[in-house]
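Both of the next two complexes hold subunit A, though its partner changes from subunit B to subunit C.
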Partner chain A sequence: MIGMAKRCRAAFLPVLAGLIVLPAYADMEPMGEDDMSNVSGQYGGMSLSGDISFNKNGGPVHDGGTRIAAQLSEGGGWFVLDDIQGTFAFEGLTVRTRSVSAGDFNGAVIEIGMPDTARFDDFGYTIATSTAASPGGQQNEIFSVEMGGEVTLDGNMLVIPLD
Partner chain B sequence: MSLMQKIWSQTLIGMTVLGISLGSVAMERLGDEEMSGISGQAGVTMEMETKASIDTFSYFTDGNGIHLDDISVGSASTAGEADFRTYALDIRNDGSLDIGYDIQDQRIAVGGMRLDDSNGDSVGSFWMDRDMAGNFVIQGGNEHSDDGYTFDSEFELTNGRFGYQTNGHQVFLDDVNLDVRSVGQTLHQENGVVFYSVPVDGSLDIGAIRYAAQQEGFRGDASSLASYGSIEMDFDFQSDFEIQAGGRFGSEGFRVDNETTLNTANFLYRTRTNGKDYDVAFKDMSGYSQVTDLRIDVAPDFTAEARQGLGFTLTGSESQASGNLAIGSIELGESGSIGSFNMEWLYENQDVNGETFSNQLFLMAGGHPDAGSEGMRLAIEWSLADAQLDYTTNENTVIFDGIQSWGRGDVTVNVTGDETLNGTQFYEGLRMGFEDVSGGYRMDGLRVGKGKSEAESAEVQGGVELLGALGMYRSFEFGSLDGHYTFGPGGSDGEGITINSHIVIQDGRIGALTEEFGQGIWADDLEFEAHIRDMTVDVTAEGLSLIQGEAWSTMDIGNLRVGDADNGASFGRIVWQRYGQDNEMVISAPDSGREGLQIALTHVFSEASGDRQNQFIWETGRNTDASGVPENGTGMQLVMSNIHTDDYGVKTDLEIDVRDANDGTDNLGFSVNSRTRLKELNIGSVDLVHRPDASDGGGAATALHGVSIQNMDMESNLTATPIP
Partner chain C sequence: MRAFILISTCLFVSGGSLAFASMVSAADMEPMSDEEMSDVSGQGVGIVMEDFRFAHGHDSGAGKTFKLTGITNEAGEDVTVLVDNLYIGGAGSKFGNSLQTVNLGRLSNPFSMRLRDGDSIASSPKGKAVFELAAPSKEGGSATSDPMDLGFATTVQSGGKSQKLNIHAESAVVDGSYIRFWGSKPGESRQELRGQIQANFQTDRLSINACAQTGSSCGSRVAFNDFMMELTIGNEHQPVFFSVLGGSHPVEEQGQLRVEVRTISETPPDGYYTNDAYRSDITVGDVGIGGESLGAARMEGMLFQKLKTTTRSLD
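Then we have the complex of A and B:
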């Protein structure tokens, strides 16, 4: 099982990296000069640099990573995102509001400007199913992911409010 | 001797001998050189025992009166007995009058204070106990006018108590020692304006702040009563007053202008916890204050009811109060310094949201109507037109810039006990109540730089949003705020403060990422209700510790908008219901030994109990009424119910600092590092609820029958800089 997990990690590494980046691209909108002219009050936003890490030195219960378990049906098994560990670092991620006029939508949105580069350090997790929310139940690992190195995150992500 | 000097001489001597405490304002201990100037003078020594009472002392402006009732002077230790005083009057070689005095075992009490329209209500009673010894020297003429006066003064007040009582409950400062030197006071008048200049150098020690449940001012040994803690301070300041006739209303009253320079001061709040003393210390303070066109009247207040009060108004076109205060360092417990602070402020009239706000306060009789007939009511309007707060750590500065605040409403003050009166639950301690207070604050944002001067020229940026976990926002407005904070004596283990509160906010609005044209992210149509029970405040070795016994709250955001605050598109409604026990916050300097602010939070999410639970609701697609206002409960809801943790809770350590942004530039940024740990956080269920309150709605589907997050240790190191 461990060997299978390792093979899965190797196989899914590039795929998962792509999955993480692609949705970002899917909602991104490169800002041209015209778009930038619609952005006013720049000091309303901010540029963020730094890193976010999970369980760099283990957790408060054990040395492993964070575990998130969800029960999909009453009395049924648990879907588990297990052993989340590692660091995601970035420079120059921007957050602000701006007006957008596109198609039927004409209003303000939250714009998240992606950092040009971001870095994963020993970032990994495991997808599994289990008979219990806590470790100790019978758990079947579906695949594991490990990521390291730099990725390019170009463009903007717009979060559009629709009540 | 001029006519003015004759009048003032007779008045001052008479007031001093009568024991009215004008002399206590400023006394000077005589040094050897000054003593050498006294020789061969015939003096007068008087010994007095005094027990006196005045039924009512009234002050009127334009026919409106404020009345002090049941004023008495007598013994502090024994009711009904007299105090003991010795006065030594002498004339020095230079013609100055030297009044030495020694007052022992004196209590001065005021039984009540009321306005003409108080209808039987009273502000409550006050008293002061003291032993006091000092000298007061009066000399004709000063540097400004030959017709004026120069006063040199020194006194030492010991064994002092200052108390305030309402409805059978009292709070008093115990074991007060005040040491004051004031040499070179001057008093003169020009063109109907009285100029009074007073330099003061002194210290104040308050051994304890205590609570007692009794009507009469406490006498005797109070050491068995619980204490809020003790205070020590020293100060050196110069204050200049210009006082003239003419209030804001009618032809009578006072106008006061003042400039005060605080040369140095230190302040220390101490609690004795687990048998050891720990301090919150404000060190190396200095500052400046200017008040222009302050008027004092007895007059109707600014509300439609025109209630009579003792008014202090800064409402004229030239009225303002401005100043600055620098605090060299703030030290918490044994954790070290969190850094230095500098505040600058300007209070003056301003227009906000189409309304004009001013600065005024009217003192009236009657606190919370259910607490009894005694209490204080303050009708307040404030208008902070511009302010900034600088915070410097390790020589790097962040400025919270362009701060404005405004509001108006009633604040009530009572001393209350643990009891239910007329359906209202009161708690032991000093109660500060809020009735229909509306107002808010907002700020431009942050400026960050190497030191204050570089920060002041830096670009305004966001970053306050990183402090949302502490309840600090870029802007916050509220249509009404009601409720109370009651500050009781005693901390978690010894001296300290115990807080009970109930706060209701309606028609609120919180802003994030806001910009100069009013665009941003807005938590709009906000209603908030919060209850805190037995929250203790102590100073410990680690720092300032706040522990909530039990707390529950509901924040209902009617619309989470983007763009314009009134009409921006909405994400829908969000409700965040909280319930916890033994939540804790410790504020300290960082463990690293660097300056900075470290805040350790522990939130214990308790399991649902009755109508109290931790629950998150997101509702979209609501029906609207005829006015287009969304009706809550008529849309689709995503409901996360019974969110709870084990006793470990969710522990979050925040470290706030100014440091290199590490973004590939040399920029400094506003840095918030956080570390969040939890052993187990569970969500009972995640449900999709279909229009629960709509006539055609009903029904729910459970999407997830449970979610569990375990063994999490998440760190984030984020630094905010301006967008390039």
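Then we have the complex of A and C:
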């Protein structure tokens, strides 16, 4: 019942399109079976820095940004998140697992540490409704949001599975 | 335990290109047992924000932009809303001027996103899978979350004039709020997305002012002290329908958003019109305007029997 459509298909988040791993270290030694068996990935973590750009300079087919459309009723129009574009840049975002035993909770949680700095560059989107999933229908743009510059974003996001 | 894998990542998505590079070094990890693995069911996730605060505002001098556009006034002129400050922080944040941190949700009672069985939840449709976004639930009928301060300060530029409009909530909680969605069965008369909304908002003071500054020295403040809202829209007998009107509607209505609660079509169950769970309450301990107290205001036991809102383009 909810359909999805996207403009600029080639530009719509082809995440995981490429993966290059560079283990650029010299003098490495082979790892023993015992060492290997201790590696599980459970309490590991990582720190991420980088930026994500959506159609910053327009897409290959259209000038605008990414478009996501959802049809809420059979034969009806579409609710649209349109012209998603810009860059979100961050430094020092951390991802790790943490064991918590507090009050009536006891278990492992995924901890996403908010970045030291987070910045939007020409980031924006438009909320609209339209008669068509693709651009070209009768579209009513409700409002557009534009964001730029450094944002205050502190703390940790803890994620747990629920039954 | 505090092992770290350092990965420097460069993620670049534009016009269909992506590069991802990583360097890895690791230590001191522990294996995950079968029992621990079996506890993971994947039906939903709980989210807790720890020591959290967020703020962003428009400040051209500091290279910050935050604005809402695409709105027109009655004369057809463009309206720009500059968001001077949008913040979420802990209690005592002084209208965003001294932003404190806050814990939103608890691990034993988190914010959640999950798929639930309609049979197992009261006032939700039987025999349906229900997608739910929920705030922490109330415990023993009371909100127990840590209070947060949140606010939205704006400058509205319309027709060459510019006005301030600021809304601040101090020590607010949203416990017990949720939004649930479900689909229609094949053959059902309305093939539309349906849902129910429970919007709970409790705050020590909700204030609205048009002052140039966001500080507390503003005299022309409208304040709702001890504000409590529990808004219930839609239930299993009268769901809220969400739709964007399509080709079967008149041309001027096509592409418009409609949110609708239809009159009840079935014979309602006994007690439907007296059941508090289907009713909305808004109470204010004291309404104050510019420091003058106007006393308490209460609106209780409101049931939405019919609601139909449709957007209309002014272009």
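Everything below uses one rule, namely that the second predicted complex is superposed on the first by the 118 of 163 C-alpha atoms of A that agree within 3 Å, B and C clash if a C-alpha of one lies under 4 Å from a C-alpha of the other, contacts with A are read in each partner's own complex, and residues count from 1 in each chain.
Rule of thumb we're sticking to: contacts are C-beta pairs under 8 Å (C-beta built on N, C-alpha and C of every residue); 3 or more make two chains touch, one makes a residue touch a chain.
As the structure is a prediction and not an experimental result, all values here were calculated from the model.
Trainee: Is A:92 touching the first partner subunit B, the second partner subunit C, both, or neither of them?
Mentor: The answer is first: A:92 touches subunit B but not subunit C.
Trainee: Pick one for A:148: touches subunit B only (first), subunit C only (second), both, or neither.
Mentor: second
Trainee: Look at A:51 in the shared chain and tell me whether it touches subunit B only, subunit C only, both, or neither; answer first, second, both or neither.
Mentor: both
Trainee: If you stack the two complexes on chain A, which partner ends up touching A:156: first (subunit B), second (subunit C), both, or neither?
Mentor: Second partner only, subunit C.
Trainee: Tell me the contact category for A:101 with respect to subunit B and subunit C: first, second, both or neither.
Mentor: neither
Trainee: Is A:64 in contact with subunit B, with subunit C, with both, or with neither (first, second, both, neither)?
Mentor: First partner only, subunit B.
Trainee: Looking at subunit A, does subunit B or subunit C touch a larger number of its residues?
Mentor: The larger set of subunit A residues in touch belongs to C.
Trainee: Who does A:109 touch here: subunit B (first), subunit C (second), both, or neither?
Mentor: A:109: touches subunit B and subunit C.
Trainee: Across the two complexes, find the residues of subunit A that touch subunit B and also touch subunit C.
Mentor: Residues 40-57, 59-60, 71-76, 78, 96, 99, 107-109, 159-163 of subunit A touch both subunit B and subunit C.
Trainee: Using the touch definition from the top, list the residues of subunit C that touch subunit A in their complex.
Mentor: Where subunit C meets subunit A, its residues are 1, 3-24, 26, 28-32, 36, 39-56, 59, 62-71, 87, 99, 101, 106-108, 110, 112, 114, 183-184, 190-193, 241-248, 251, 254-257, 311, 313, 315.
Trainee: Going by the contact rule at the top, pick out the subunit A residues touching subunit C in the complex.
Mentor: 1-2, 10-11, 13-24, 37-57, 59-60, 71-79, 96, 99-100, 102-105, 107-109, 114, 126, 129-131, 137-163
Trainee: How about subunit B: which of its residues touch subunit A in the complex?
Mentor: Checking each residue of subunit B against subunit A gives 444-445, 459-463, 465, 513-517, 519-521, 559-564, 568-572, 620-622, 630, 648, 661-664, 669, 677-680, 682, 702, 704-724.
Trainee: Across the complex, what residues on subunit A touch subunit B?
Mentor: Of all residues in subunit A, those touching subunit B are 40-62, 64-76, 78, 91-92, 94-97, 99, 107-110, 113, 133-135, 159-163.
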